[in-house]
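Order of writing sets the chain letters: A, B, C and D. Residues in each chain are counted from 1.
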Amino acid sequence: MEQYKIDEYNHQHINDHQRKFNFVAEYVAQLDDVLQKLQAFNIAIPSWALGTGGTRFGRFSGGGEPRTLEEKISDVGTIHALNRSSNSISLHIPWDIPENATAIKAHAAQYGLHFDAVNSNTFQDQKDAKLSYKFGSLHHTDKAVRDQAIQHNIDVIKYGVELGSNALSVWLSDGSNFPGQLNFRKAFQNTLDSLQQIYAALPDDWKVWIEYKPFEPNFYSTTIGDWGQSHLLASKLGKKALTLVDLGHHLPNTNIEQIVSLLLMEQKLAGFHFNDSKYGDDDLTVGSINPYQLFLIFNELVEGMDARGLNHATGIGWMIDASHNVKDPIEDLIQSVEAIKIAYAQALLVDTKALVEAQQSNDVAKAQEILQAAYRTDVRPLLAEARLRAGGALNPIALYRELGVRDTLIKQRGAKTVATGL
Amino acid sequence: MEQYKIDEYNHQHINDHQRKFNFVAEYVAQLDDVLQKLQAFNIAIPSWALGTGGTRFGRFSGGGEPRTLEEKISDVGTIHALNRSSNSISLHIPWDIPENATAIKAHAAQYGLHFDAVNSNTFQDQKDAKLSYKFGSLHHTDKAVRDQAIQHNIDVIKYGVELGSNALSVWLSDGSNFPGQLNFRKAFQNTLDSLQQIYAALPDDWKVWIEYKPFEPNFYSTTIGDWGQSHLLASKLGKKALTLVDLGHHLPNTNIEQIVSLLLMEQKLAGFHFNDSKYGDDDLTVGSINPYQLFLIFNELVEGMDARGLNHATGIGWMIDASHNVKDPIEDLIQSVEAIKIAYAQALLVDTKALVEAQQSNDVAKAQEILQAAYRTDVRPLLAEARLRAGGALNPIALYRELGVRDTLIKQRGAKTVATGL
Amino acid sequence: MEQYKIDEYNHQHINDHQRKFNFVAEYVAQLDDVLQKLQAFNIAIPSWALGTGGTRFGRFSGGGEPRTLEEKISDVGTIHALNRSSNSISLHIPWDIPENATAIKAHAAQYGLHFDAVNSNTFQDQKDAKLSYKFGSLHHTDKAVRDQAIQHNIDVIKYGVELGSNALSVWLSDGSNFPGQLNFRKAFQNTLDSLQQIYAALPDDWKVWIEYKPFEPNFYSTTIGDWGQSHLLASKLGKKALTLVDLGHHLPNTNIEQIVSLLLMEQKLAGFHFNDSKYGDDDLTVGSINPYQLFLIFNELVEGMDARGLNHATGIGWMIDASHNVKDPIEDLIQSVEAIKIAYAQALLVDTKALVEAQQSNDVAKAQEILQAAYRTDVRPLLAEARLRAGGALNPIALYRELGVRDTLIKQRGAKTVATGL
Amino acid sequence: MEQYKIDEYNHQHINDHQRKFNFVAEYVAQLDDVLQKLQAFNIAIPSWALGTGGTRFGRFSGGGEPRTLEEKISDVGTIHALNRSSNSISLHIPWDIPENATAIKAHAAQYGLHFDAVNSNTFQDQKDAKLSYKFGSLHHTDKAVRDQAIQHNIDVIKYGVELGSNALSVWLSDGSNFPGQLNFRKAFQNTLDSLQQIYAALPDDWKVWIEYKPFEPNFYSTTIGDWGQSHLLASKLGKKALTLVDLGHHLPNTNIEQIVSLLLMEQKLAGFHFNDSKYGDDDLTVGSINPYQLFLIFNELVEGMDARGLNHATGIGWMIDASHNVKDPIEDLIQSVEAIKIAYAQALLVDTKALVEAQQSNDVAKAQEILQAAYRTDVRPLLAEARLRAGGALNPIALYRELGVRDTLIKQRGAKTVATGL
């Protein structure tokens, strides 16, 4: 993405933007602070999100999907050039093994990208694997399978070290499909024991992020099924172990924002896998189903991080984890990043002082007015201004379409490519 | 499965069986009637259930999976020989296309099997397909796609006619992943229009069964999402259109037995896809999660079919639709059939007269006592006796293991076979 | 609420308003049309919503609750004076029996109010009732109970006729708490028979609205449990019977907007009971939990009503049905009305033509962009302008507080009053 | 309940019982051990369960409800005489304040009853209360309210000490109805601080049981909302603080048995409030909706308690917490106790050794067979035999009806009595 194209586009739309920005800016108390925070805030893109995901019922590829890790990095580079908010990439091993770390880092650096948390995978059998994960990995009844899975995680850490990453993200599909299949206690203890061995292999400045999920692909129990189980493991492991929240990994009606608040309080919140969902782990575009919930989560994050003096941009990990089998993945990711930053901007606009007063006096109607006043504000011009200042496009998705990026990719890569991933 | 093996097994266990049967038989009011009904009651096996199913996260095959339709039929034959309750097979097109119907029918007949409802598939793109179902099939905005899907259904009917089937089972994954993607009304009307064309192609003695499902693989809306939508379509189509209930296709906490009762009342209940689930369309072994619910459904079925004078065995369609990626598929199907027949037997034991009186006088505690008295009865000896009389095994799964059937299949077919299906 | 107070308040804030309105107005295609529609759009207030609701665990009254129907009308008058969007009141019989209809109508007319749908109540036993509704009303096994409930509904119609209402709203709590308690089919048929008798008593220009709800106060089954059951009854009853949608009356994850679209298509949508919820029938302030869902519902309403040429304001019924045991009821209702009109205004801003094109070409990302562009617009100035033109307050809740209305009510009515209702 | 009536009843039915018992006894490996455990196993009855509960929509009293604590104790005495499995009563303060502990204890002792955990109540305002719990109690923003609630709990402990109880059961309804109302972190910390003060007042041999619940009566957040939050509090408080599981206090589809297993592992399981539910905290008769889930929970309990060497009868707390607005409360409680003991008996029949082997080798079908073999066994004769040996009735509910106990109570107490409680 050549910068001049972005500049040209911005030039054409600057007047309209200016009018909108000037309007809303007048109502923002600490404008510079807000804009600086918006500029500083980046969300990592997972390497598997550049291809079209599927379901067990089928996978409908789009065209021009990246065939290599380099092409995936290039796609993230396109996104980052447009929105200046996606400056890192999160690798999933073994879907994307960086054979030559130096070259890959250099390639990424060309786009201003670095490497976020690395993700292990013990929920699928790899071609050359000696043992199968059919009945789980770190929780397995067979020590040999556990050892294989532990070694895989240690290998992933090594890849991460080479790439300059500093966190291992672990999602286990381990669980059971039928009552009786598992002894829950032993499964938990095996998992803990396995994680302790992985924990021991962490470099000093690394963290391990422990994801939880109630169901799928196992449909009776999951061994790390909710935040309480993840937190229990993280507590037993030590300070470098934290709980990762994937927005789609909850039972119906869960109050996620409360969980976020408490994990922050306990200094155990690793960060987020962002997506949206209506039924389960639907992996839909962030903010496409319930944007108010996303705002409420950011409201807790801003409040809780400020209470602990954490830097919003770097205090915890931010990553998208969505699938999108009916959209152009790049457009989908741009929409997700935009939705996240809108929620963040709205949270920054909350009148904190008034809210604390309303809460203290149990003025519930007032508290709601305060939150909704921030939420109902059209903050898109603030995001656009932050992008403009950082060299991004006023309207990333519009420019992406105007430039026909996908058509170019299809010409380069073909119409029937299939990227690695789900 | 040679009959003498079954007979030998039964001979060894006949005394123990006789003691148990004699005990329970004394408490069964109309013993002969119950046993005859249990003998007559068969549940169709879908052709795709003989292989190991998977999820979007992976598929872990077992060994000895059937490589051809003939081998699938052979596996159903094994099940039926053991339990004498699975005398038909339900084909899924195009996973299992019967190229030579006469030969296939003869092959099936060797095992005492015939062909139940045929299932169309417009939720995956076939290799040679001109148009994609990425955005749906019968509801598609593009008439050409709808026409392709209509033609496929008509083709499936033709296959079914050749096989002696008399029902087309339609499950549409058509829906949307994001708000705005679909116009719900137009999608419904396109679906209706498409179904009308398929309906017109039905032979006189055929039915079309319309399945509903709230989500997956689409995660915002499904065009035939609940029983109300299926029933609305079926009502507009005509008498040959009926609603098919898949137990896993409901939102959390749905009272399925009430839906069953009302569809029976309206003469619109096509039949069942049996399975069990804890979270969504988990496709678990029937009766493995909530057997009391299964009993309550059968209680409504027996009551409602008796009220309309329907034959239990043939009045509506009975089919298993489960997946089982951690079990031997044959064992899983034997367990499912057993669970279904247990629920049916318990429902037959309900003291109907007393229940009507308790209901009439709102004696709620009594009504519960009556249902639970039937449910708490150990009816396994009744099932075993019915099997014995029909030439099946007293304990199908025990004999299946004793004979080492799976090992033989692995030797014949190999350890790494993968059957067609999900 | 004296008009001069409102005018004074508006005068003080007119400049700020004008700036905001001018900004957003520039982006609204058919500004006059939108403003006119907003002015015309009113939402009825139920008579029971002026007091503080409770739960089975307790009820915490606020102060100054209305002690009589006249005081309730006065409170609605206050709301309507402030927001000019609540010009009718919906009575619940027997909580609020209008002993002298002429006087009550005159009293309401002083505030510019008329009477919307009347609501019957057969879910509680009245003091002088001969028979109990412990086991239901219109579905009861005992004809005498059904007759009593039918007569009550006919009485309610009579009250409604005197008040100038033209619809009877029926919510039945009839259901069962335990398996076996009910015969679902007979319960449905008794309900249908009872409704037919009520239907026969409807004046020519009246409608009967049939509400559905999956659970509570019965926790195993509800006899009119979902839209499909309500629709089935309404279809059998005739053209004057329609289905009423209460937003809180759905199982988890239900796609309500799809139901709305289909009911509109079938000409069977009576209207709405607005509220919001996170878990069940929580009866929270409209738009307080999931405002995007509310917008999506209005998007379907606008599209579907336009497709049928219905007047938005009068084509179907609009009513709030919320409880609010921790807020001042008047403030809560003002917040609810505001949230409804925000969603409506946003739906009016959707670029319909572009959306149809995106849908037709399955451009899913574009369709989402179109909906979100409307939703993210800050439409509050449009609502304020519509209110201003109608004589209402620029900011109703701010003025309500500034004037200390509640304090005045407490002085007049006392701090410990308890209004009739839940 | 005179013993001779029970003996007479048993005498009449002894032959039938003997035949059934002899049949099943032959299949029970350690018959004496099982029978002794069944005899030893008692479930406490809460004092509020003897009256008819209601919902926010109404309360339909039965007749003969107990008017005093003495009458409640008498009713529990009746239950215990019949089933010999309900030898304690759990008091709810202030619904049932034992003014004269010595007399009450003596009264209870006449029936062979003692006092189980005492329950505090800070979810309702008491008549003479200075401060309101409208916005919570132990989590309240106002220290004065927290202090009042702390003092109430300390008072309840005092009542408990006098009665010979040794546990305080705390359920907090504290939470919020709307986003913004609460600061989750501060609410949690206030709760912790309050509980620490209550903890400090616990006698040495006492425990405090901390219940969790996701929603109702608050519908946005609950401050102790899930097991993870309860466990976090209990961990911070110390060894005397444990987590109490109420079966109805979970989000849809929660795997409760896994939670039970992990709490046992962590030595943090206080015990149970038994009931059943289909939608939420429905407070239905135990085992009336999903008896297999109850069995699975007991399977974890037996396994986990055995692993820690806990006495089944006394190792943790067992209590019913159900409501039943359509049943005779005494019949309902008898049904609940029966369902609990059936599940317990079935769990005792599980072939533990075979299950461990199946789990170790991931023989999932086998593991299911083992569990279902125990579950499908008709254990009612074992329960009857255990009752017989203890002096209870072979069939408690049948005898209760035969003796016309309720009619007698109505004559004694009147037809319109209303017991204290929900």
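Criterion: a contact is a pair of C-beta atoms (placed from the backbone, for glycine too) under 8 Å apart; a residue touches a chain by one contact, two chains touch by 3 or more.
As the structure is a computational prediction, the values presented were derived from the model and not from experiment.
With contact taken as defined at the outset, chain B and chain D are each touched by A, C.
Note on B-D: its contact pairs, compared by residue number with those of A-B, A-C or C-D, agree for more than half at A-C. One inter-chain figure worth recording: chain A and chain B are separated by 40 Å, centre to centre, where each centre is the mean of the chain's CA atoms.
Centre-to-centre separation between chain A and chain D, using Cα means, comes to 42 Å. Of all residues in chain A, those that touch two or more other chains are 134-135, 177-179, 181, 214-215, 220, 252-253, 255, 278-279, 285, 288-289, 292, 326-327, 362, 364, 368. The touching residues of chain C, when paired with chain A in their complex, are 23, 252-253, 255, 278-279, 285, 287-293, 326-328, 331-332, 335, 342, 362, 364-365, 368-369, 372, 375-378, 380, 397. Chain A meets chain D in the complex at residues 134-135, 141, 176-186, 188-189, 214-215, 220-221, 225-229, 231-232, 251-255, 257-258, 261-262, 264-266, 292, 296, 299-300, 303-304, 307, 355-356, 358-362, 364, 367-368, 370-371.
If you check the complex, the residues on chain A that touch chain B are 53-58, 60, 123-125, 132-135, 173, 177-179, 181, 214-217, 219-220, 252, 277-280, 282-285, 288-289, 324-327, 422.
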